[in-house]
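Below is one structure. I have some questions about it.
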């Protein structure tokens, strides 16, 4: 362990926390704690990006870290909180598959993700070899969460958590994409979240509920 | 002013402008004028590219070569005709009470912004920006799909958003992996996502990373293309959105997503000479083609059916590009062009037909020839064209794809032909009973815009019989570039 | 050299047809202009085409390349003698049909006359292009244009559900056939990528792949020609179409499929294998027997003729099979005999079947009735049509001295001299085939007697038939032209064989021309006068002379007095028109004898019925044995596949998730 | 074409016209004897024809010109058939104009005309007769063709003259196939000439008649012509059968004396044949109409069998 610099250790730590948060979100049954977990994940992501920025002295990574913090740890959770309150949907999160099964599938996924990322991690010249696997694992866990949740808001949280995983991959594994791209991604996420918010109201207006099981009418079978 | 800048600026500015003035009486005309401007500048740009060769813009941010310039022209052209078509169509919708003024405004501005994202995605040199533009295109079209705010349209838009959002997230992961691979060769500069730079070093990119990256990119953008089994959003979105939106979704968005895959395939091919990317694409293409063909036979909604037809054709095109080589790429590009033109023409005709009869359920649509011969013939000829009947151009490209497949992948030919046969049986039977027969339908307050339908079909017909040499050269160059 | 070649002239003719069609589109509702100007002009063009082909039968092959089509595969065209024979058929037969059509189309519902004019002439032009095409792409384009234009012609009166169904079935099977043809072409290029016919000729295929190509071509062209088991569209589409179109489809379009089969199996594939011939023979015989049996039991006059077309196509394919067998064993003289029979039957069938279809058109116009059970006695009201139709009937039953007999005679001659084959099995099979042909020919007589006797003879079965009127001058002219073709082909076989001999020679390297010419123009003796000969003209003259002399002698020796009285009918009093055989009744013996061949749905009246009635519906076995199961299978598969689109977004997400995981785990560069 | 040939041809035709009614009369006479009835005179057929020619034609209402044309055409066809079939000599100028296949065609043509004429009347019996005639025809015609094929294969020719010449004037060979063909031919000729057991020329019983049903409405000279044609048909068939299976006595070349010598031989053979026919008719009963297809089917199969036997046993002969 002594050969590994502190920054790398920190990044690995943060990455692990992000993975932990992903698992926590998968296991979480209530909406508001789910959003909080998402906010924590965003904050840790920002911190991780910050560490990378300090280590590599890339100016745009500071911006990135700040943006992430503002957007993912503050703005989006705040929007989601507001939505939940406005829509009055503080019910339990219903899962299509029960939570323990989901967790087992999640662990399998982590194994798969690490294995897939292994050959790449070995190539990595960056300080944080394992982060790519962790990023992939969190993306997949978020994906799993989207599959298993039957309400709209948890699904969106899953979607945003997936973005977090991607962001982790972008910053920690590769030390950041070009600034323009990062800005664009951030903008898209923001706009997307706003559009989703608008959607929630409309879905609620039309279906009297945010249960996406109402959204199963368009089909062929 | 630079034609390229003009081309990008017109839709962006007019889109912004239309958010403000979109409900005015002359707004549809503004929409058309803007599209015309875009088309003219793209045509000029094409001329420049043909004369001077590939060029960059905004430093190295944008890059226009023979591959994307033809798609740019196609996009601008279909955009123009769609805007012409949507004038009376949307007015009719408004008068039927399906849309409010605000929505009309939203429609027009989102339409222009959508065009902007398409053009940006096509012309950008940066794979990151490409991703951003694709995502932006999703966002604009989500708003367009949900324009009616009916339960069904909301459902469709929701599915579209979630599925494509997830898909595109995977594409982002692929892009990150690509960057990861490129960074090792090009260094930590901002250039590691520039396609022109990447192409130069494509042989040195790390194969394992590139394989992973391509899988993510293919699954990601493939969702947008409508490759099976990632296609599930597509029929819903096509069926529930306004018809002009279906036309541009089928005619443009799918193309652009496929274009994104193509750009990535060039890089993957460089890093993985074993035809890894091509085989994956061929597999997806065949699967898509066959599944879509069988889906077709059980459709009840006319727009849904043609949406599946789009999936089927995207499968065929993906298969063609998967085969690789100049001839197959040429055929793929040709098929892309033909499909865009034909499918959008069909959607125009379908739009009028559904408006006239007031339903999208095919069983309730009868006797289009008697309601309005022009719409009836438009739908009939368009359908025959899309089914690959000569002398329409779709046949030319299908012929090339099939013959190439017979030469290099004979095992695939029976599958291709089976799918095409099933698709023919399914679509034609339904369209025939809609076009022919008796009916009692009323007249519409606004005369339909028929020119776009027949303009498209005329081009498709002409190209089926004669492909001008400059177009051939142009396609050839593009095909060579894809490799 | 800027000399005008025949092929250029033919191209101009094709363009002229297209121009005539487009002119019709310019004034879509002006019936007078279209029918009295455009269709006659189209007929003139057809005459030109026929004469050009006649001329080019004596010329060397000509080729041309048009600068349209695919970038690396422009339209190749070629006018050789095989093409010329069929172009001649197209040209001359279309003259009659176009003239007839000038008087046929009326104002009414359905497609506007201008559009009809366009479709009709596009149909003509595309058939010409099919024959001229010398590469796969041009061929397929023309082939599908032909299918498409004829589809629109078939569905002219598309308000009726059964016509729409017929059109759908037609285009679907045509399309599937086209796919098979395309595959066949693909196999024939054997991976060289050269899709011109010249390129295919140059390929040396292994026997396996050559057989695959041949079988695909047989299926593909068979689908257009109406061979078993892909014949089901034909009896649906022919009755649905307006009569000139049925005539054109049956007379000419089916022959383009024969042309394609000949082109592929003799020209493009090089030397055939002997069992190809056996396959063609078997399929042809089955088709002929099936066609004629079903044609005898039909109650719709156009359906009857449509099944009869199936029968004739079967006979033609039998001829092709025989030619293939002989050709494979290098017995070129006999192959030439059989091939001549094929050409001859193509020509004669084109003539008489068009004639009969046009006659049904006139009947249809006069009576608005297609069902045989409601016709009868029309010879009194429509003598022209009736007597001209008799020419077609005699020709189509294959009786001397008209055209149908010559081809059947040649075919039977081919069979008779087959025992020289080195294959003992074949020697056994071939006579049985001849027996079946004899049976088919005799059954065709039954069907034709039913057709003619019930429509034109006897008492009128319905009151309104009294108002029937004879055909107009244009229609008469068209019918007369086609009847003349029947006489010409029937009476001057040696001259006709001399004309088409070039094509036989081109394909087999041997022909009948010299030997036939030695015997003089009046005598047909393909091998030698001792072995077989037929002098139709003398035949006819003898009969006419004995009829004339008989009449004169009887009149001179006795008298010519005639009285009229009610029919005696064995003293049977009830003599209304209902006492005549119905269409179903006439064919009852056939249904009874060949009961297993039909799928019958009968209702018999019982003693207690309030309103006793009897119905019989005859259906096609193939429909239930082949088509319905295939359709069910497709439906089953699609039912399974559509389960994927279940509407639940989580499931959709799972699809993409699983796809991703599987690809990540499985796909390796 | 030589003068002698022309003479032979004319002689054959005249002989046919003369002998045909006589043959019919002879058969009727023989049959009457065999059935223990008093026989009509031998020349009864001539009397009948004369009487019919003298009578007025009574046309049924609703018959068309086709009805009036048909008897002449049928007569012409039968005359042509008689002219082609070698009776006295094989050197007939008309023979090349129609070979055996065309001969079958001539019979077919006549059959179509008579059936159509029957349908033209528009009565129940007319169509019944026409339908039954076609039913018999479509089975008899291929059987006849097969018989002819068997003989044609032996002589490698379909020309009647060549066949007869081969069979009559070459070295005597036993052809087992000819036995099959001969039986089949006999079956066919019974059916074709409206004889018991397929049809009964002497009955007007509604449910059984075939030929008579068709000509019910014919009268006067039309009926006479049809009767004459029927006689000619019987004559032609008899001569064809004799020529194919008992060809001895037919003159080969252009020798007029040979021609004359052939006449008594022909008359003798016809007399025996007629008696044979009468005998068969006597010992058989008419069968149900739907047994006729079986009967003719047997003939057809026999003929095909003959063909196969020919190919199997005699190919290297």
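A, B, C and D are the chain letters, set down in written order, and residue numbers restart from 1 in every chain.
Quick note on the criterion: a contact is a pair of C-beta atoms (placed from the backbone, for glycine too) under 8 Å apart; a residue touches a chain by one contact, two chains touch by 3 or more.
Quick caveat, the model's predicted, so the values are computed rather than measured.
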**Message:** If you average the CA coordinates per chain, which chain's centre is most distant from that of chain A?
**Reply:** D
**Message:** Based only on mean CA positions, could you tell me how far chain B sits from chain D in angstrom?
**Reply:** 78
**Message:** Using Cα averages as centroids, what's the distance between chain A and chain B in whole Å?
**Reply:** 31
**Fill in**
Averaging C-alpha coordinates per chain, one finds the centres of chain B and chain C separated by a number of Å equal to 44
**Item:** Whole-Å gap between the CA centroids of chain C and chain D
**Value:** 35
**Sequence positions of chain B contacting 2 or more other chains** = 158-159, 162, 166, 170, 208, 212, 235, 295, 298
**Request:** Mind pulling the residue numbers of chain C that touch at least two other chains?
**Result:** 639, 642, 644-645, 649, 653, 664
**Message:** According to the definition already given, which pairs of chains are in contact?
**Reply:** A-B, A-C, B-C, C-D
**Item:** chain A contact footprint on chain B (complex, rising order)
**Value:** 61, 126, 128-129, 131-132, 135-136, 139, 142-143, 146, 149-152, 154-159, 161-162, 165-166, 169-170, 172-173, 175-177, 179-180, 183-184, 188, 190, 192-193, 206, 208-209, 212, 235-236, 239-240, 295, 298-299, 304
**Asked** Quick one: in the complex, what on chain A touches chain B?
**Response** 58, 116, 119-120, 123-125, 132, 136, 139, 143, 146, 152, 155, 159, 162-163, 166, 169-170, 173-175, 177-181, 184-185, 187-188, 191-192, 195-196, 199, 202-203, 206-207, 212, 214-218, 220
**Item:** In the complex with chain B, residue positions of chain C that touch it
**Value:** 67-71, 136-137, 140-145, 147-148, 155, 158-159, 161, 164, 167-168, 171-172, 175-176, 179, 182-183, 186-187, 189, 191, 193, 195, 634-635, 637-639, 641-642, 644-645, 649, 652-653, 655-656, 659-660, 663-664, 667-669
**Asked** What part of chain C is in contact with chain A in the complex they form?
**Response** 639, 642-650, 653-654, 657, 661, 664-665
**Request:** Provide the residue numbers of chain B that touch chain C in the complex, in ascending order.
**Result:** 158-159, 162-163, 166-167, 170, 207-208, 210-212, 215-216, 218-219, 223, 229-230, 232-233, 235, 272, 274, 276, 280, 291, 294-298, 327, 330, 367, 369, 384, 387, 389-391, 395-396, 399-400, 402-404, 406-407, 413, 417, 420-422, 424-425, 428-429, 432-433, 435-438, 464-467, 469, 472, 475-476
